[in-house]
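I have a structure I would like to understand better, so I am pasting it below and will then ask my questions one at a time.
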Amino acid sequence: MAKISVGVFGATGMVGQTIVQLLDNHPWFEVTELAASENSAGKSYEDVMRMRWSAGSEIPEYARGMIVKEAGTTPDCNLVLSALDSKVAGPIEEGLAKAGYAVSSNSRNHRMFDDVPLLIPEINANHINLIKKQQKERGWEGFIVTDPNCSAMQLCIALKPLQDAFGLESVMITTMQALSGAGYPGVPSMDIMDNVIPFIGDEEEKLQSEPLKILGSFAKDRIRPANFKISAQCNRVAVRHGHMETVNVKLSRKADEDKIIKAFESFKPLKEMGLPSAPERPIVYMRNENRPQPKLDANIENGMASVVGRLRKCSILDYKFIVLGHNLVRGAAGAAILNAELLKAKGYVG
Amino acid sequence: MAKISVGVFGATGMVGQTIVQLLDNHPWFEVTELAASENSAGKSYEDVMRMRWSAGSEIPEYARGMIVKEAGTTPDCNLVLSALDSKVAGPIEEGLAKAGYAVSSNSRNHRMFDDVPLLIPEINANHINLIKKQQKERGWEGFIVTDPNCSAMQLCIALKPLQDAFGLESVMITTMQALSGAGYPGVPSMDIMDNVIPFIGDEEEKLQSEPLKILGSFAKDRIRPANFKISAQCNRVAVRHGHMETVNVKLSRKADEDKIIKAFESFKPLKEMGLPSAPERPIVYMRNENRPQPKLDANIENGMASVVGRLRKCSILDYKFIVLGHNLVRGAAGAAILNAELLKAKGYVG
Amino acid sequence: MAKISVGVFGATGMVGQTIVQLLDNHPWFEVTELAASENSAGKSYEDVMRMRWSAGSEIPEYARGMIVKEAGTTPDCNLVLSALDSKVAGPIEEGLAKAGYAVSSNSRNHRMFDDVPLLIPEINANHINLIKKQQKERGWEGFIVTDPNCSAMQLCIALKPLQDAFGLESVMITTMQALSGAGYPGVPSMDIMDNVIPFIGDEEEKLQSEPLKILGSFAKDRIRPANFKISAQCNRVAVRHGHMETVNVKLSRKADEDKIIKAFESFKPLKEMGLPSAPERPIVYMRNENRPQPKLDANIENGMASVVGRLRKCSILDYKFIVLGHNLVRGAAGAAILNAELLKAKGYVG
Amino acid sequence: MAKISVGVFGATGMVGQTIVQLLDNHPWFEVTELAASENSAGKSYEDVMRMRWSAGSEIPEYARGMIVKEAGTTPDCNLVLSALDSKVAGPIEEGLAKAGYAVSSNSRNHRMFDDVPLLIPEINANHINLIKKQQKERGWEGFIVTDPNCSAMQLCIALKPLQDAFGLESVMITTMQALSGAGYPGVPSMDIMDNVIPFIGDEEEKLQSEPLKILGSFAKDRIRPANFKISAQCNRVAVRHGHMETVNVKLSRKADEDKIIKAFESFKPLKEMGLPSAPERPIVYMRNENRPQPKLDANIENGMASVVGRLRKCSILDYKFIVLGHNLVRGAAGAAILNAELLKAKGYVG
């Protein structure tokens, strides 16, 4: 089987380089185009990234000599993985879709559009059906699918089995988010060393809206949002990778701890699909009272798990627990790749 | 006026050395005894602390040459400020009280005893009346008063004006606590560098119980605990000083943001009392959307303020906000000193 | 005595705000102008700095309401303290000098000019005489004096008594430099968290050249550079404030440890001059084997000392030791102020 | 081929757990005994390590259920990898050697003994011949070989090709050492957060003596130490893994930069031996001006390389450069394993 040709857009940023890293030796995809801003265009990827590469010791060999192109709408590939800055992602991604490309985007721009799937394959693979509507109404040959904000991703995965088994009424969250979530150069060291910053621009808004679409139901040709309440407080902490969140939930139906943990651990909806980047365990529940921790646990399941721990009763809502996810992998680069794999498995590309 | 002679117990620990630092040039108190474990006894304070002093560049001159005593029940002073380890504080503090000493303790041992005030002068100065009961029932000449756990302190100060003006139904908290709260050697660097630890032993229990006593009412000869609900999740972060907490509250009566901020800012119950360590503003409300932050704001009002910010509506409870306090000062050393000043002002020592 | 009116140029940067902080209640100087780039011009200092102030909890009251001006050559003051970015400092400082202003600059631009003093009052106060040459040759009414790079400052202070007493042959240095030395936003947190960066642009060149001018002799109307050898390796570490340096020296004449320590401790050349910002002890020698440390010791003498420790024999050169200085205070803001105080004491301004 | 049975002594410490991790699926060795202090004895390795495991997300499956034994002299294995604390390693390792075991030790106790090889296979594989003398003189059936201190390891590897090609006269070093080098609990976070500690007990002594033995020559039945001079200054920095060192060297013979880099890069003395843990490139020379860095580069060659960069002329000695090594892998656990592999390849075990 010939591999599907892939373009990585925004290939020089922190998410983009993680995509480049994760696609090294990918069984289905082959990178044929690396695109970025005009500053980087015309140089080899190695030249551009020499001082900025931080996704491992060494740039994958396949990418080193590739010449970076300026991000445009006629790339040499069939599928685009977009990690473009939200300032420019809008028109470029739409231009690509119009020109017939399949776009799996990590940018925020189209996430909340009525006809754009905000996809997490483990949760709402059927939202992919919005693509038809999107193509019909817009007259596009290609299409756009998106993945959620890095603080919403692992939360939604942990909420899905609770929603299915017990129903959700309220979800209260405090995040402790990693530095790589802010991109590069991102957070100045003088701001965060020995400090906590209790504010991340637009983050609480995203975290309070995206989960309702993600956990919503597909009916006819549209998403009916889930109707539980969300309240979030977002903080930046001095951690490189791995967003931690304390969560308090009110459920619709009675639940006990054993059943909840069982719901977490038996949640394996993609088991039979064979998507190469899908984690064997989308939710890993840790029983040690002081886990999960970002440094020790963000890389479980190659960074693709939602790692949960410390489930206990809450005297105000019903239960509280901790959830951790690798913001650059499960929350961004790996999410865009997994969505692309779903597109391929469902016949939308390839 | 002659100064009151003070013994600092547990003088070599992180809280103890902060007391030693804060008592430098205190207008009412004079340190006449420094007590610690037998390991340190018999040496000069300077010799003991040379490698461990971290409360400033230099040990205050008054303390350097003082010979450290083993903590016992016949110190050379009238008032004891105790920062003893909870493993040994119980019998020593009781022995001191029995022997006629006034004890202002930062140790957890007696906090929740029915006849021991858990004092925050701005909140419950009248709880001091428990001393009479304590002395009568136990036959003690002296007495013990305590200050709360370092994560409860700044929270309770911020809650008090809300309780008074609007009533409290529920308080949900996620803490991001500083390293100095764990004492010394405390948290190993390998555990916390580039990490968050979502667990602190016994901390959630303390934070869920102490505020109810602190914000309770004194009736006849006992404390009737406040009856709102508290649910806490406690985390350790890589910050030296300053506990941050996200707080969500449900109030009994309608409130708007302006009134709440006004309640915070007009909260000055000690205004006329002239206690030397009392902050001018027990609550400082910061209007910048990204404040307070531990590195920038923990030292406001010499570390004695509860610093609040980011008040906004909560879709699940009523309001949410951030609170910050200097755990070693307002949350420990400064609290024990302020309680001692209250004792003096009320005629219990001196 | 009326105070001398001072303009702080580059007032919004990390060095500039430290100058603003240090000049609060200065006995000789009064800030009458705050100047910065046109982005900040026209706004109150408080408005500009709200999200960036990091030199303490609160902006000094005197500065809050002042309207920031665009840095130009007709400020409302007699003396300019310049912390301008080196990209723009050149023409502005020269324009000011031409227009008759006294300029005490922290920018690198004019440091190595033949007719510009590179001043450290404790070392080379007589280099101030270059001003006459500078004014004569350039036809300026005003003049420029400069202070050294933040990694050269505390080193030179520690070297001076060695040079005087024993002569210097070779000086080898490895620096571990703090983040605030890179300004703001400066070093991205993703670059330095849990890391060391063994490279700082141009730093080794500056550290290998400036000390020779600083420790050179003034003869007739020019500086004859000192002629020892310097070799430096410069590193960035995850420390907020305080540059640490390991130093190995070869001396011209025999020395023993006691004599060297005595030379350090008796070095008080400004003792009688009454400069308000001069430290009582320009060199503090610490005897504990694990000191100095940036966190504990950078603020000794209000951040104006060169803190030395761990003197011991070196088997290759003669001796080795550690030196620490507060890069923002002694190495930048405080240095510019101390130079201005010297100018006033010597009659060059006021 | 049956695997060789291995006991890991000191299996619960930071080095010991790294050995346990690295031996997962080792082609030659099979762990049959895990030994530690009596505190841990009798429990499963998983139970003991639950709260302390930090060498990856999860304990290797093979080790989880193994019952930890108290470290003694009759373990169930042929080969012992010892990461015992130096307080107890002396008599235990000697007892093991006497009882016929092959001991590859990472403890410092026997490193400088005349009849004990201080082995780095790339440098001095022939020192292994000391074993015969050791056995004969002491009457042991077994024997002890040791690996060097974690700050000496990567330095010596980088020095070896310089010594061979140009001769060494003087080596000056400043280290910036990682936290994991201090073991666990090791350095308190309050000591090192936002700080540098310019002192590590006994470290300079080890770094100034071990390289002379390692780089010495084997003649007849003893080691003649190398005779260059070493002077070291050792510092602890806030980095988890990876010791950085600035190095200045004086060579015996003329060298130019190209030749030195070629000497580094062509240094592959183990090429043909097939030791499973031997890095393909024992020295990796990085050409980027800001590399190597511990966070980005300590894991090159699975943590077994000595990573060198920034070679440039030194005005005092001849050349200066940076060297980095993973202190837990190349500098400890991996070193003990590689030495054991050499023993097997040379027929001393198996």
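Points to keep in mind about this one:
Per-chain numbering from 1; labels A, B, C and D assigned in written order.
Going forward, contacts are C-beta pairs under 8 Å (C-beta built on N, C-alpha and C of every residue); 3 or more make two chains touch, one makes a residue touch a chain.
What you see is a predicted model, and the numbers here were worked out from it, not measured in a lab.
When the C-beta contacts at B-D and at A-B are tallied, the pair with the greater total is A-B. Ranking every chain by how far its Cα centroid lies from the centroid of chain D, the top place goes to B. Centroid to centroid, with C-alpha atoms defining each point, chain A and chain B lie 42 Å apart.
Averaging C-alpha coordinates per chain places the centre of chain A 40 Å away from that of chain D. Centroids of chain B and chain D (each the mean of its C-alpha atoms) stand 47 Å apart. Chain contacts: chain A has residues 54, 193-194, 238, 240, 290, 295-296 touching two or more partner chains. Every residue of chain B that touches chain D in the complex is listed here, in rising order: 14, 54, 179-180, 184-194, 238, 240.
Across the complex, chain D is touched by residues 50-51, 53-54, 57-58, 193-194, 288, 290, 295-297, 299-300 of chain A. Considering their complex, residues 170, 172, 174, 176, 193-199, 208, 229-231, 233, 235, 237-240, 244, 246, 248, 250, 289-296, 309-310, 314-317, 320, 322 of chain D touch chain C.
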